[in-house]
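Each of the next two complexes has subunit A plus one more chain, namely subunit B in the first and subunit C in the second.
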Partner chain A sequence: MADISTFTTKFSSHAHSPLPLERDGLGSAERRGVALLTTILLYLLLAGNVHGQTTQVTNPFLNSPTHLFTSKLTYQDNTFNGFLGVKYTDENNFRISFNSTMGNTLMDLEWKDGEFIKHYLPDQLNRKIIINKLQGDFEMMLLKILADGKWKNDCTLKVGCHKYRFTQNDIQLPTKLEDRNWLGRLKRTLNFGYSEQKKLSTILLKHHSFALQMELSSID
Partner chain B sequence: MKRYFFFFSITLLAFAINAQDLTPAKNAKAVKDAFTKMNASTKSFSSDFKQTKEFSFMDRPLVSTGKFYYQKSDQLRWEYISPLQYVMLINGDNIRIKEDGKVKTYSSAVNEVFKTVKEIILGCISGEILNDPNYEPAFYESDKLYQVKLQPKDKQLKEYMKEINIFLDKSSNELSYLILKDGSGDITKIEFHNRKINQSIDASTFSKF
Partner chain C sequence: MEKLIPDFYSVVNTTDLGNNSYEINVSMNPEAEVYKGHFPGQPIAPGACLTQMVKEVANTISGKEMRLVEAQQIKFLATVNPVATPELRLDLTLTESEDGVKMKCTAKDETTSYFKISGTLA
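And then the complex of A and B:
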């Protein structure tokens, strides 16, 4: 701490100097100190900014405890239509039921206090690779990432090696999310559409590394 | 106090009546005969339908509506109009489905899944499913209805469909509604309204979308 105050004093005294630092006869140790101080100040400034700007995302699922959507799942040239029922308590607690047009339940999954519960999943779908993909997609779509992540700045949320960039409308409802991996490659995008009453009306989740997308339209 | 006792009695009575609504049939043969009679007398069947799906964890049902056409013995048009548009046509072994503007064709002669779908749907409408040895039947009745509860014996089918309940109107001997309990235990009720029995249905109904 004493070092910082020393550097601050030196930096302050030279900041107003009409002469460049080199000409002022500063040694390499002092120059390193100035660089370090600048870095620290910059960090404090940025950190201050992050904490100062509280990120506010209005969760569109919280305006109603239950949601019903028509769903359209497209994989390559194949389309599958059905329904999605969602009971939503908060980002950590929700349950979904995915149904065929004729009403048959195809999956019934729940996220409850950090636990992932498979209430119903036929053997054909109960495979690790499918489950992981479904779990990840629903956690993004139903904004569980808000509970899991840490804000890097006012619009980017970091969850593990994923970076989610939020775009919001004028009343802080999310309109678009981009999911990028640690290399910065775009993996998925999620778009939310709203009715004139500001209610969630459409959701579109699109994968960019393979031809899978899910479209939901509210039945309200 | 007397008033509370009165309301309590009325409530109990209501529960009792409700509980007695459908009871195991004393004469299972009579119920089976009613279904056989329906099968013999029904050459065609058309109606509007209302499908109500109850979720086990939501107090809000999902309601779909549409049109239903059946021509003995293996022609069917099951058309969902709202909230999704979806048409299934069964014509002999040929099953065609139109959803999202695209038509998919399947053959129930080679596709086991669609063979089962066809057998269940047509069997429920005609009542022929009662003679299918792959289901365990149980018979119930009330003043107004006959009910047949069918439980698949096949373990694989049971994973998708736990129960099929067919309800027959006693007075008209017509199919009234179906209640299906799927693999998850969720209930779907399909009610048939504006029923028309043995009225002519244009052949194109079963071939054109």
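And then the complex of A and C:
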């Protein structure tokens, strides 16, 4: 309260003092016009600072057109091991294949020209609610969101009701990505690990609202 | 005994250790057709092919044409890359039982255990 009263007092004292504009012979209408113009200019300047500047995030998947990972999917007490192959044509277009350790294909999905294509999904997984979850998880894991929006200076991005926030290392590679809902509750986290050669080596996607996580380790 | 995938592997030598235990050295062929798809440029032996290989080796030793009718455990502990791991050692135990032949196999090299399979052949 003390601070506010001090500010008010100072503001009042300025208000009563004769302004240079008045001394130069400008009337109150002109003064209001100049004040309005100054306000608009200040707003544009501030808006430019907040919305115009974006943070550049490097997509670690784009250093190679193909990636192969061993994968460990854990749901509650069940663990499922396999391989995840990813093939990129560009940042927006890629295809994934998820295979079991025995060698059979469990998922074959593609993102092409803004379209999500199911090449193969077993009947047990071919349900809208599961497909939406899988699509969302892979889009987050493979950093499609980097291509979908511009990140603000505070390393955040809002997409629908999702609020993403990332942390990056000293060479601008993402190390952690958080996904919170509109209430600010943490829904998913994604962690990236890198080798000494700065190549992507591990990925961990963890859901916080239910017991599902996926661990990937790169195969060189 | 005929191989399902002829060029996938070849047996280098088989040693009978007694007590129905055998040590088999197999050479993995990185040029095998299967690696063109699994996976292009990064060959990894599919688990199904490794299981088939163990079954074929067991059939050759026992001299019978049997199928894997039950698998108690099939566990892949590390990926088998035929370029990085050109040779595997299979420690195999075959025991006659009422249901058929009980089989236990562990595949390893000097440093790594790659997979464990136990099941019944009949």
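In the analysis below, the second predicted complex is superposed on the first by the 165 of 220 C-alpha atoms of A that agree within 3 Å, B and C clash if a C-alpha of one lies under 4 Å from a C-alpha of the other, contacts with A are read in each partner's own complex, and residues count from 1 in each chain.
The working rule: contacts are C-beta pairs under 8 Å (C-beta built on N, C-alpha and C of every residue); 3 or more make two chains touch, one makes a residue touch a chain.
Keep in mind it's a predicted model, so treat the numbers as computed, not measured.
Once subunit A is used to superpose the two complexes, subunit B occupies space that clashes with subunit C.
In the superposed model, A:G103 lies in contact with both subunit B and subunit C.
Of the two partner chains, both subunit B and subunit C are touched by A:F83. Judged by the touch definition given at the top, the superposed model places A:R95 against subunit B, while subunit C stays out of reach. In the overlay built on the shared chain, the residue A:P122 is in contact with subunit B alone; subunit C does not reach it.
By the touch criterion defined above, A:K206 reaches neither subunit B nor subunit C.
More residues of subunit A lie in contact with B than with the other chain of the pair subunit B and subunit C.
In the overlay built on chain A, none of the stretches 4-12, 22-30, 76-84 or 130-138 of subunit B clash with subunit C except 76-84. Shared contact residues of subunit A, touching subunit B in one structure and subunit C in the other: 66, 68, 70, 81, 83, 85, 99, 101-104, 219. The residues of subunit C lying in touch with subunit A in their complex are 38-42, 44, 46-49, 51, 74, 76, 79, 81. Interface residues of subunit A, counted against subunit C in their complex, comprise 66, 68, 70, 81, 83, 85, 99-104, 219.
Against subunit A, the residues of subunit B that register as touching in their complex are 51, 53, 55-60, 62, 64, 80, 83-84, 86, 99-100, 102, 159-161, 180, 182-186, 188. Those residues of subunit A that touch subunit B in the shared complex are 66, 68, 70, 72, 79, 81-83, 85, 87, 95, 97, 99, 101-105, 108, 110, 119-120, 122-123, 219.
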